[in-house]
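Chain IDs A, B, C and D follow the sequence of writing; residue 1 opens each chain.
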Amino acid sequence: MAGMCLLMLKTNICKVEFKNPVIAASGTFGFGEEYSAFYDVGRLGGICTKGLTLNKKEGNKGIRLHETRAGLINSIGLQNPGIDCFIENELPKMKKMNTVIIANLGGGSIEEYAEGVKKLSESEVDMIELNISCPNVKSGGMAFGIKSETAFEVVSKVKGYCKKPLIVKLSPNAENIVDMAVKCCEAGADALSLINTFKAMAIDIYKRKPVFDNIFAGLSGPCIKPIALRMVYEVCKEVNVPVIGIGGIESFKDAIEFIMAGATAVEVGTANFINPMVCLEIIDGIKKFMEDEGIKNIEEIRGIARR
Amino acid sequence: MQLSYKSCKVAENINLSEDIYKLKVEGDYDIKAGQFFMIKSLNEEPILPRPISVHDFEEGYVSFLYQKKGRGTSIMAKLNVNDEIKLTGPLGNGFDAENIKGKIAVVAGGIGIAPMLYTVKSLKNCDIDLYVGFKDEVYEVDEFKKFVSNIYIATESGKYGYKGYVTDIFSPFEYNAVLCCGPEVMMEKVVKVCRDYATPIFVSMEKHMACGIGACLGCTCETKDGNKRVCKDGPVFYGRDVFINA
Amino acid sequence: MAGMCLLMLKTNICKVEFKNPVIAASGTFGFGEEYSAFYDVGRLGGICTKGLTLNKKEGNKGIRLHETRAGLINSIGLQNPGIDCFIENELPKMKKMNTVIIANLGGGSIEEYAEGVKKLSESEVDMIELNISCPNVKSGGMAFGIKSETAFEVVSKVKGYCKKPLIVKLSPNAENIVDMAVKCCEAGADALSLINTFKAMAIDIYKRKPVFDNIFAGLSGPCIKPIALRMVYEVCKEVNVPVIGIGGIESFKDAIEFIMAGATAVEVGTANFINPMVCLEIIDGIKKFMEDEGIKNIEEIRGIARR
Amino acid sequence: MQLSYKSCKVAENINLSEDIYKLKVEGDYDIKAGQFFMIKSLNEEPILPRPISVHDFEEGYVSFLYQKKGRGTSIMAKLNVNDEIKLTGPLGNGFDAENIKGKIAVVAGGIGIAPMLYTVKSLKNCDIDLYVGFKDEVYEVDEFKKFVSNIYIATESGKYGYKGYVTDIFSPFEYNAVLCCGPEVMMEKVVKVCRDYATPIFVSMEKHMACGIGACLGCTCETKDGNKRVCKDGPVFYGRDVFINA
């Protein structure tokens, strides 16, 4: 019985096998270590690492977090130890976690992305998620995530060096999300994940200035779900690669909505902060929903809302 | 290490003074002085839990002393006995109570007194003086009497004790170490004067937090060794490591 | 003293005088009559009418409302009695409300917009708000609100017939909100208002299909505020016409944030449903904030967060 | 007309049966049978108030009978005595109690019984029979005894009364008018059979609502005269105007 349950949640993305379709989203789960204090992270479908860059980054100054109604604005700024340090110190620990490891890669130039992809291709990560959508640093790649042509360029280039399945992570700030998705596929993306955070801001009315030093920062959390779901639905209709749905997922119901919109898997971000056990609760919830509804294989409901 | 996220029952939630509350919940933990919990009510909003220091801990009950400020603490203030809340923790490094010895000064500003009760209880074989500053109302100080030798109070309004800031009445002279918690400007002043006397000082830092466990990098504070996470590498730091220019 | 308070909130947009910068947003306040049962709507800065079209419209079928975290998705579909009926039956009542009356105009073609503007220009409305951004009907104008060039065309055409101050209402679904704003100003917009609702969706996981008959619908409410504020901030930096800030405003704090971002006034929509008195509470809150902070005239803080 | 939006104190909130609750709040209003209030707790979520019919009204107290379904009613179920909630209302047209005369049938499905207690109390000089269907548990029916002549109960499980649907046991024969509230499929059936007997029937409709006062056009229902707002033009309609194809 337990075996059957596991079977029915099994998911494949680009020939990589996931125990279930629930993945921890980049930047919200560190390198998996912290959440291992709560539960066996090997029960997750996969883990996306904190966004990595070629060289170590200290991240942004000033306030980095601001809570809003059902949301969180963050201005972390891709603080990370750099790819080499990641491969040396973090990856070996992650490989022991017994789940799919996805390296999230940021960059400031096509060359930097290419260099990063080369290094990660030689490492033991299972997949690479190309972050062309971080609104929090000039060199975070969001510039690449706005116009489809620019994205096409960076993805094509990177693809040439990439020996791992390449997921391209899209920004909701893209001028046209569907066109962006199509162009990234044309450029060689093996899969897509969407969405990253919305460009947003807050003003401290007593200080009379923006809360964040960078003025703008990225909005995530339950508040963005209805827009994220719409984008995933629209994209799934137009592309043939697997799509990973992201944005405000905090319950199994949200996850099922994304799957019914056509997503192959989902990533859970901000909700980990609301409830550190949330990923497990989502996995169990999906399982129970399928049992209650008599769904034997998750394929039965994937994209069903589009029919 | 195993961390817990669980529902705890409210045993008491009382208003001590204007906007200061004391919350006592059922729970059994292994807690170090200066550690904190992430506290979340069952309400959907606000979505993030709030970091609150352990104020006291006695078999089966954890106490928190908190100030009502915004959305999160306002909801805490409305909790009734037997309500359930979610606690994650205990979190953070805490004070290194084992290795703090001799004549100790605890310097607190306002609600910065919160982590200090369990701290003074945890310091063994120390001779402790408490320096504490308030705006106007004095609260919770009596609880310290059994555990400290002297209590020095300053209030900005002059209502009790010295009229002015606690930094006006504190000098590190004669102390082996100083433990400090309060507004950053106050902590910076204390670090500065400790530097003059070469007295070791530990400060408990405060930053906005999301995860509370070191995963989001939202609570970093700059130190002489680069960015550190207040929630995981702190909240307690060597004063001179964080107030580099003090 | 009361006189002084009133003075400090007075706001001008295109030479039309507003008692204060708080306006009821289109579609959330009917024609003002319903809220008159709670308070004297003459205390508002202004009222935007429900979206009008040349001919009567029955609106959309199926579920029209779906609540989300801190938000509301609606699919009303511009149900309205048509311009002629509005001018004959509703406008006379509205004119007695002693506040600025803004006619919100939707349309399905440039000709329809032009015809509508002509009729409204001959009526007693104080201003026209051109809605090129309703995501809920094919003929709601959102198509015009996505690409700047299309918007330029419709606004230029309409402007030729418009004898009232013309506010153009922008969609957050625009490919590039700043470019859109600039183009609309070039085309003759006397003022801008933003934002309308986000294109969003929800799926009923038990019925396994989209909640709305139209699949997509418009997201509004507190959840969208951080994105709306960012867009208003960006637009205010680039245009010289007055900007009316809209999106998730539910408290005086939110309103002040938009004003500090550069907005001349604000519109309050969904929050009226949360609390029918909210507009008055916002007006009183702004007044009190200004007194507490020693601000004599709202001009002192307009756009201050941009400096 | 002047409408009120105000805080009211909870006087009672009790669990009657599985997911059925009765809420009594302090408040003095001028209420017509079949009207409703928009109810919002002080929590930030859910943001929209929920429409709930007046179940009963006695000097100074309004009662509501509600079923716990989702986010809004779950929060209502947690209300304690003396908590404050926000009420907007009374709203809607209600039943035209003045003009309903003679032998009357009240037909209710499940929680559709909610608006009917105050309604039967408000019908003067009528001879009323109550027909009510439940899934399994029967609730609140005893309250009607004083005001009606006969009570006919159906349960789907057969636990009480007739085993089956209330529509199986109801016939409009002999009644001057029928008042009906329940699931749409059930109301449609009742409208159909009333058509056969040419008996006037009034139904209380239900739609998702946002404003509750007629401003947002979110709650429209199609009628033979075009779209009508359930909150303002309803919730009570002539059965045949809304179930056009019945």
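Here is the rule we go by: contacts are C-beta pairs under 8 Å (C-beta built on N, C-alpha and C of every residue); 3 or more make two chains touch, one makes a residue touch a chain.
To keep track of the chains, here are their UniProt names: A, C = Dihydroorotate dehydrogenase; B, D = Dihydroorotate dehydrogenase B (NAD(+)), electron transfer subunit.
Since the model is a prediction, treat every value here as computed from it, not as a measurement.
Visitor: Quick one: report the Å distance separating chain A (Dihydroorotate dehydrogenase) from chain C (Dihydroorotate dehydrogenase), using the average Cα coordinate of each chain.
Guide: Roughly 34 Å, centre to centre.
Visitor: Between chain A (Dihydroorotate dehydrogenase) and chain D, tell me the centre distance in angstrom, where each centre is the average of that chain's C-alpha atoms.
Guide: 47
Visitor: Which integer distance in Å separates the CA centroid of chain B from that of chain D?
Guide: Averaging C-alpha atoms per chain gives centres 53 Å apart.
Visitor: Give me the residue numbers in chain A (Dihydroorotate dehydrogenase) that touch at least two other chains, ranges are fine.
Guide: Chain A (Dihydroorotate dehydrogenase), residues with two or more chain partners: 69-71, 222.
Visitor: Can you list the residues of chain D that touch 2 or more other chains?
Guide: Residues 44-45, 71 of chain D each touch two or more of the other chains.
Visitor: For this assembly, give the contact graph shape among line, ring, star, complete and other.
Guide: ring
Visitor: Which of the chains are touching one another, listed as pairs?
Guide: A-B, A-C, B-D, C-D
Visitor: List the residues on chain D that touch chain C (Dihydroorotate dehydrogenase) in their complex, please.
Guide: Residues 1-5, 40, 44-49, 71, 86, 88, 208-220, 222, 226-227, 232 of chain D touch chain C (Dihydroorotate dehydrogenase) in their complex.
Visitor: Quick check: in the complex, which residue numbers of chain C (Dihydroorotate dehydrogenase) touch chain A (Dihydroorotate dehydrogenase)?
Guide: 68-71, 73, 175-176, 198-203, 205-206, 208-210, 215-216, 219, 222-227, 229-230, 233, 248, 253, 256-257, 260-261, 289, 293, 301, 304-305
Visitor: Given the complex with chain D, which residues does chain C (Dihydroorotate dehydrogenase) contribute to the contact?
Guide: For chain C (Dihydroorotate dehydrogenase) paired with chain D, touching residues are 27-30, 34-35, 37-38, 50, 58-59, 61, 63-67, 69-72, 74, 76, 79, 221-222, 270, 272-277.
Visitor: For the complex, give me every residue of chain B touching chain D.
Guide: By the definition above, chain B touches chain D via 43-45, 71, 80.
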